[in-house]
Structure formats: C-alpha cells, structure tokens
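Handing you this structure, nothing more for now.
The first chain written gets the first letter, and so on, giving A, B, C and D; residue counts start at 1 in each chain.
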C-alpha cells in the first residue's frame, strides 16, 4: 500500500431532534432544535487500527444532548457551548469539535398558554467550532424568501456573442436569504442579536433602488456590521430567483410587469463575504458549510 | 391483443408558476399561484390512434393560464372557474376537467409598499372539478403544524400481545393539519371563508382536553360545518407527530414531560371525513387526491 | 351545533421501515419495506365521544408489522394480506382497512454473500384494500425515468389564439413512469408478475414512433392487460418531461436536436386508465392515491 | 457607517440542466449534466457601487454553457475546464472561478439504439476551482447506499454515565457513500478513473470485518490513493444509517438479527480525509462544499 495519512476528520451524532417544554407555570414555553455533535481530536487509531478506545460513541453523544436539554436551552449558541465544554473537558483526547443546531420557530395560537403553531418561515442556524482554546460562533438563518415588485434593475453589464439578456430598469427582485455571521466574542445576547440582524436585513432589502443583487446584499452586510460590534464577518449565498415577464403578445395583450413566470432552474447565485476592516480572518471555521465561499 | 377500453383519463399542463403583481397604485399587491389545468372529454382517438385533432396542446393550456392572469386573480377558486368555463366553452369535445391551484402567502415587510416576504406556513389549495353541468369546488390547505404541550392523553384502548404502549393522560399532541372542504355552491367569498375556516380549526384545536387526535379532528370538523352553510363536507389527513419523552434515568434524571425526542417515522395517521347530515355525496370529485380516504 | 355525520375514515401507523434479513445460509437475502397499516370499521365513538375502546393503538399496529416480519416477507402483497387477515380476524369491529407498502430494491455488490447496494431506480408499491369479504390488490411502481432521443413527435393538434407551440416530428420524449395495476385475484405470483409488467412497459416504450405520450401509454397499457389475465386495470400518471432544443442562433450555431434544456416546471401531465373489456370496475379502491384519476 | 471590506465572493448561474444527444449514427448517446458556473475576480465595484461594467451576466454564462455543449461533452471535468479557460481568457478581470457539475447516469433499455432509462443510483460530481494559474479538480459522487448484513461490530469504546449503548460484534452496517477526491493533475482520463474509484470503494466495503465505519472508510480511502497516482486526497462524509434490531420479546419471539427497524434521525456521521503522504494541501478548493471537513 502507498503511504497515506489521516488528516481532517470528525464524527458524531447528527440531527438530534430535541423539543424542550418549559412548564414551570401554566404558560408553557417551547424550544425546538435539531442538534448535531461532532468531535475532533486524537482518533487516528480508530481509523487505522479499528481501535475504538477513544471513540466516544455517537449514541453517548446523543444521550448527552438530551440530558443537557433538561437544564434548559437559553439559546442554540449557549447550548452548543455547554456541549463543547463538556466533551473537551471530559475526554483528554477530544481537543475540539463542531457543534451545530437548527432552530424552528413556534408562536402561540391566539396567545394560548399551551397551544402553538410552527410559524417562522426561516430556519435559524448556529455553529460552534472549538479548536483547543479557540471558539468560533457562527449564527445565521436560511429560508427567508423576499421579493420587491419594483425599484430593481440590471444595466451596464458587458456584452459578447453569448449575451442575449436585455437591460431593464424595472424588474422583480426575489431571493431566499441564506446568511451566516461570525461573532468575535461569545459574550453576546444571541437571541437579541439574532432578532436585530433579521430586522436589519429585511429593512435594508426594502430601501432604495437595487442595481443588482450584489449591490443590495453588500448594503445589507454593511448595515449589520455597522450596527453590531460583536459581528466581524457576514456571508450570503443567495439565489436570484428569476421572475420572467410572460410575453402575452400571442393573444394581443401588453404585459407591463404584471404577469410573471417564476422559474425554478437555472437561477443566478450570488455569494458575498463582507468583513469588518482590520478584523481577523478565521477561514477554517467555515469549512464544510455549503455554498458559502 | 386482448380487448381493452380507455376509461378515466385527463391531461394538461401541471404546475404553472404564475405571479401576478397589481401595480395600479404605488401600493403593490402580489398573488402567487401554482396552477394545474387538466382536460376531460372525448380524447379516445389520441390514445388509441395517435390522432391529436382533439388534443388542445398542454402548451396552449399554459399560455391560456398566463393570459388569463392578466385580468387579475381574485381568488384561486374563481381563477380556476374562469379556466373551466373557457376550455369547456370553446372546445365541444371538452366536457369537463380538473383545475387545481396552490397559493403561497406573502406579507409586507414593515408595511412597505412593494417589498414582501413569504410568510404563511401553510399552502392554500383549491380544486375545481367540472363534469358537464356539474361543478365541484374543494378548498383546503396543508403544512400548518400545530402542537399542544398538555391537555392531551390516550387511554382506554384494547390490549393484546402486540400492545406495549403505556396509557397516558398527559402528552404532547402535534400534527400537520392537511384539510380539504367541499362547497355546496360556487357563490362564495372564497378568501373570506378560507380565513374563517383556518381560524376555526386553530381555535378548536386549542380548546379542551383531547382524548385522541380523532376526537380533536372531529370537533374541528363539526365547528367548520356548523359555522359555514356553504360547506357540506370536510376531510383531514393528519399525522400524529410523536414526541416521545426521553428516558433520562441513565444519568439519574427525572423527566416530567420536559425533554422530548421528535420522531420522524413511523407516525400515526388519522384520516377523517365529516359531512353535513342529509347532504349529497360527491365521491368522484375526491379521486386523485392523496391521503384523503 | 349543526347535525353532522362521520363518513369515510381510517387510521393507523404509517411508514414502518422494516428491513428483513434472511440469514439461514451464508448467502444472506434482504427485503426492505415501508409499510403503512390503516384500519376501517366501527370507530365512530372514538371520534364523537373520545371513547377509545375500539381504537387498536397505532403503536400496536406497528408492533404487529414488525412481529409478522419475523415469519418472512415473500412479497409486499402477501405481507399486506397477512396483516389484513390478522386485524379483521381478531377485532370484530375492524371490518376492513387499507394496507400499503413501498419496496426498495437491493443488489449484491460483486455477487457478494452479505454486501448489497441499493440499486433499482424505481420504488415498487402495493396497496391492499379490504372491505368485508372483498379484497382488492393494486400493485405498481414509480420513479422509473425513461427517454427516447428520437421517434417521437406531436402534430395535428387544434390551434387558437393561445397556441404558440410549433409542430414537430422529431423531439425527445421523456417521462417518469408512475403506474399502478389492479389484480382480479389474489392468487398471483406477485414478484414474477411485477417483473414481467416492468419489462413489458420498458419494451413497449422503445417500440415504434410515438405520436404523443397518450399514444405510447395506451400501447403500454394494452400490452400489459393482454399478457396478464390476472390484471383487469392499469393506470398511469406520467409527466411529459420537456426537453427544449436550446436556440443557439445568438452565436451563429445550428442545433439539430443535439443540445437540450431539461425543464422542471411546468410539465405536461398525462393520466390514463385502461381496463379489460367487460371487467368489473372498483373505483373505491383507488381513493386516496395521488394523481390517478 | 463602519468601515467594511468585501472579501471572498463569486457569482454566476447555477443548475443549468444540459442534455447533450450524440446522434451521428443511429446508435445515439446521451450525456445529462447539471452545470453551475461562478466567476471570481475584480467585482468590487458591483457590490460597493452598483457598477455592473465587470459583471458578465449570469444569463450570458448560461448561454455559454449551452453553446459549449454543442461541441460535445467528453466528461464533466473536461467540460468545466473549457468553461474556466473561456471566462478567464476572455475577461481580464475574471481571475478565477468555480465550476461544478452533477452527472446523472442513463442506460439503454434492452440495448436499444435510442431509448434509455435513468439507471445509476449515485450522482457523479465534479468541481473545478481556478485561481490565477492554479487549477484544482475535485471529483466524486453521492447517493450510493451500501449495506452489510454481518461482519460488522462496535466494541471497546469508552463508557460514562451517558452511555447506554451495548457492545455488539454482529450488526448491520449501512451508509450512503458521499465522497470527493482531489486530483494532482488535469491530465487524467476522468471517466475511467471515476469508474475505477467506484469499483474500489464498493469492493473494499465488502471485504473483511468492520470494527467501525471509521475503520472501513479509512481502508476504502487507502485503496483508492494506492491505486491512483493522480489522486492525492479523498474525503468521505458518510452517515451511519442505523438499523436497530426490533425487540420482539413482547410477543415471545426471539430476534437473532433478522428483523430491523431502519431509523431516519438521528444518525451517526463520520467525516474523514485521507491524503497521500508528502503531498501538497489545498484547503481553499474545498470551501463551500457541505459536510466535508
């Protein structure tokens, strides 16, 4: 056999669906998470020899997730921090890892005390990467579809023999916001900042004339970093969801941007990173996240 | 060849994604539909002989859908009615058909005039079946997930050697509401009734103690038919989304309905039809709809 | 409250993922099913009163499915039959029900004795409906995508002001075969007939010139009923998966049916039923199956 | 506003569904790709100013993909190379980019000349990253589910108060193989190596006793790198698809690894990188790929 080496690796239990009900009073609360735990460290012998003496079972990681939920889940980020502290603290050879969560939003039905409906269109995400003494927290969301019916255009681009697109100064602009931002600290009110970032992104999207999705995303990014000292970097991976004006001339009808065909594929795809000037770069923490260049 | 006959058949263009923007004033409106058109009638020669002289092209049906959207879309049901009237009126051999739509809900971002986000968790549905002079309209929605953290139990069921389930008088009850209701008339304010039915279902779900999902769905159905004279029949196809109390005794913890594992499969599945006493039955109109017995 | 009545209803446990390994010799076998069990009968009190004394728990149905798998699974259809016999035989008030299964195909890796890969593109389906003494078995499959690069056209269709489609005598014809057929008996070698029907459908698809998908599906149906005396009825619900010739004239290139854009939505949708002449019709057994008119 | 900078970014047209038919003889061939083109370079003004003078329209990228398909598609990797050469060669400010493709496998129906069915369970993938003069090609596939009914166990792992898993020396081992490997050259017969790597992975999976999925994946990786000098690195992101022995003691039945419940979530997740000893590391090329640490 050729000489090979084990390099990056991690393992754990993925997609633990934990629902935590707080029922200390008649007015119940609910937290709904999908938690993934993955350990890093000295696991070489498991791969090369089948020696499992360092392999904290993924089943054990699952049990730990559910047991820790008993103490309450203040935010996905703080819950992941507890898991990271536990696994790296207990097992010498676990020097780091990656813990991730999705959170699903619920609202009360008619302000009822114990009845809820799943409400929020977006899925909130959190990733915590621990490497020795370093901890990186990346929060975000995806699945929030937004659309402007006007105040968007696309002109001034280069043309060659493959160019057939017509310039326009009035079109629909639509995208599914998928974003993640990196904190420069773990001392954050994660739920409050999450709400604020979502508000900033939505508000900025509505403002002004969009010269391209790139232009709009950059403004959204700039607004977030300006507002939040705790955030050093924000990324977007956003489709340009094309809404094509349907040509109705076959039956003699004009169509002044009233009837659109919403296309599935292909779609534009815009990926952008904006960073606080002078701040540190932490590329490794983004490894393994789809579609964030 | 054995003697065979062509029986039930229909064809058309499925999933036309039509977005209609109303921009008569600065305050734009948006209607977002997924429309399917299928024709029925004398199409035997197309199947048996490859004679397409009766086959209104599915591409033509698509063009018609988009052209008709130019006149506005008051509700999915009335839009389907226009399509049914058109195709059966224009082509002698088209004696009926099935038209269906999904509608996706959008809300304004901060009450903005032309910026929206896709908001509603549920997908609204409408089906219109035309057979000669008869028209049946079935409306509904799916994808609305609801959950009660208490006031639900399941006891008193029969036991045999395959029974391991323990009785409980306090559990989580959760389901995805998938429902369709049949109107006894086409003279309805479809948008208003839709909103009312959704409200009734949510409100009834919250009320009282649930002895089983069957028990709750029946109450929901009864409330809808009692409130709306225009509705003769309502069906549900609802999963019992199991939330299992996670046994934490391995680490010495008690778990009084606080930490749950939300399971994917298998799941309970409850399908119920409730009909206005004395009303007519129209089984054929329900053919082809998944999961509504 | 208005007077309402409970009509059609059924309930049970859906999507029990049963994998049965036969390991009597070193050459293991594997059967992989997704089983749904739903009971019908006298369950009115459960709905109207919350009286569960007739409600065989869905959890009990699940346990029964797994326990019955211990005796082996000769075919999905015979396995469903055993479940139907059991539940209707044991509980007086269970007068019928609906049992369904999906089967996933596995093949040996290099003819290995105990190593397999999931191989078949299609999902095999079986539905058994029991109503008192009557049993109807409907088998089928979905997810088998087929495509002809020539020998397909579409001409001779009616034109009106909404028609823009050009006639063609050479195009790609592509569809996902979704089919179900109804047996007139339960005394069948279900696995053998399944294999034969699949072969007949594929072979017929390749033959001759297709004047439309309707034309081809009818020929496929006719061939199946002619070959199999045990089958009285077959249905298709098949998309016309459009492959559009991409217009390359912008850069001076001709495109004689070489470069295609495979579209997602909208798509043609052709639904066809062909029945043995003189055979009985059993419409109720098809209720609740999506997309089969 | 706080001072921010644009860092990593790329944009283009995603998921161009190109089907290329070769019909030079009566025996047609078909290549079916899903192509994504994304450009990198000097695009700062588009983001910061809305100046699109450098923004080669995503629509132009789409047209280019389809036009280039006219010349034939020898392999996904070589097709991506042509796109990379074109865009970086034509536009000064395009200094690199990321091009990706999925390929879907088709087989002839009964060796027919122009009729095919979509056959292969796995999706083949290719990614080409260009950065100035450097080109990295990463190939792979996902969606190939494999399973061993015996010759797999898991013992010798550490235990603590959260551990409930029992050791076993006979269990089902099942996973969906998702793998990507990096070439150290672009002078490769990509189709031939693809076939060979797939064979090596399947064959190695069947061999010997698996002490854990980690153990098996490492052996699979080692075999690939040993066999192919052109490959310097291979990664896996593979679920441990749990098949739990169903406890049938409730009805007095023993279950010696015959009846299994195939669980959905949570699942084990094993991510492994194996590299040729002494070879170069190219971490940036892996950015944005989900689940490969």
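Just so we're on the same page, a contact is a pair of C-beta atoms (placed from the backbone, for glycine too) under 8 Å apart; a residue touches a chain by one contact, two chains touch by 3 or more.
Keep in mind it's a predicted model, so treat the numbers as computed, not measured.
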item: Contacts common to subunit B and subunit D (chain labels); value: A, C
item: Listed pair (A-B, A-C or A-D) duplicating the B-D contact set, over half by residue number; value: A-C
item: Equivalent-chain rotation between subunit B and subunit A, CA atoms, steps of 5 degrees; value: 180
item: Same-residue or different-residue interface between subunit A and subunit C, half as cut-off; value: same
item: Winner on C-beta contact pairs when B-C is weighed against C-D; value: B-C
item: Centroid spacing, where centroids are CA-atom means, of subunit C and subunit D in whole angstrom; value: 31
item: Subunit A and subunit C: spacing of chain centres that average the CA atoms, whole Å; value: 37
item: Intercentroid distance (Cα basis), subunit C paired with subunit B, Å; value: 22
item: Per-residue overlap in subunit B, given as positions that touch at least 2 other chains; value: 16-17, 63, 67, 162-164, 250-251, 264-265
item: For the subunit C and subunit B complex, residues of the former touching the latter; value: 1-17, 36, 38, 43, 46-60, 62-64, 67, 90-91, 98, 154-160, 162-165, 210-212, 214-215, 217-218, 221-223, 225-226, 233, 235, 239-240, 265-278, 281, 283-284, 286-293
item: Subunit A-touching residues of subunit C, taken from the complex the two chains share; value: 161-164, 250-252, 264-265
item: Touch list for subunit C against partner subunit D, complex; value: 16-23, 28, 30, 32, 63, 66-67, 69-70, 106, 109-110, 112, 114-119, 121, 144-151, 172, 202-203, 205-206, 243, 246, 248, 250-251, 253, 255, 257-264
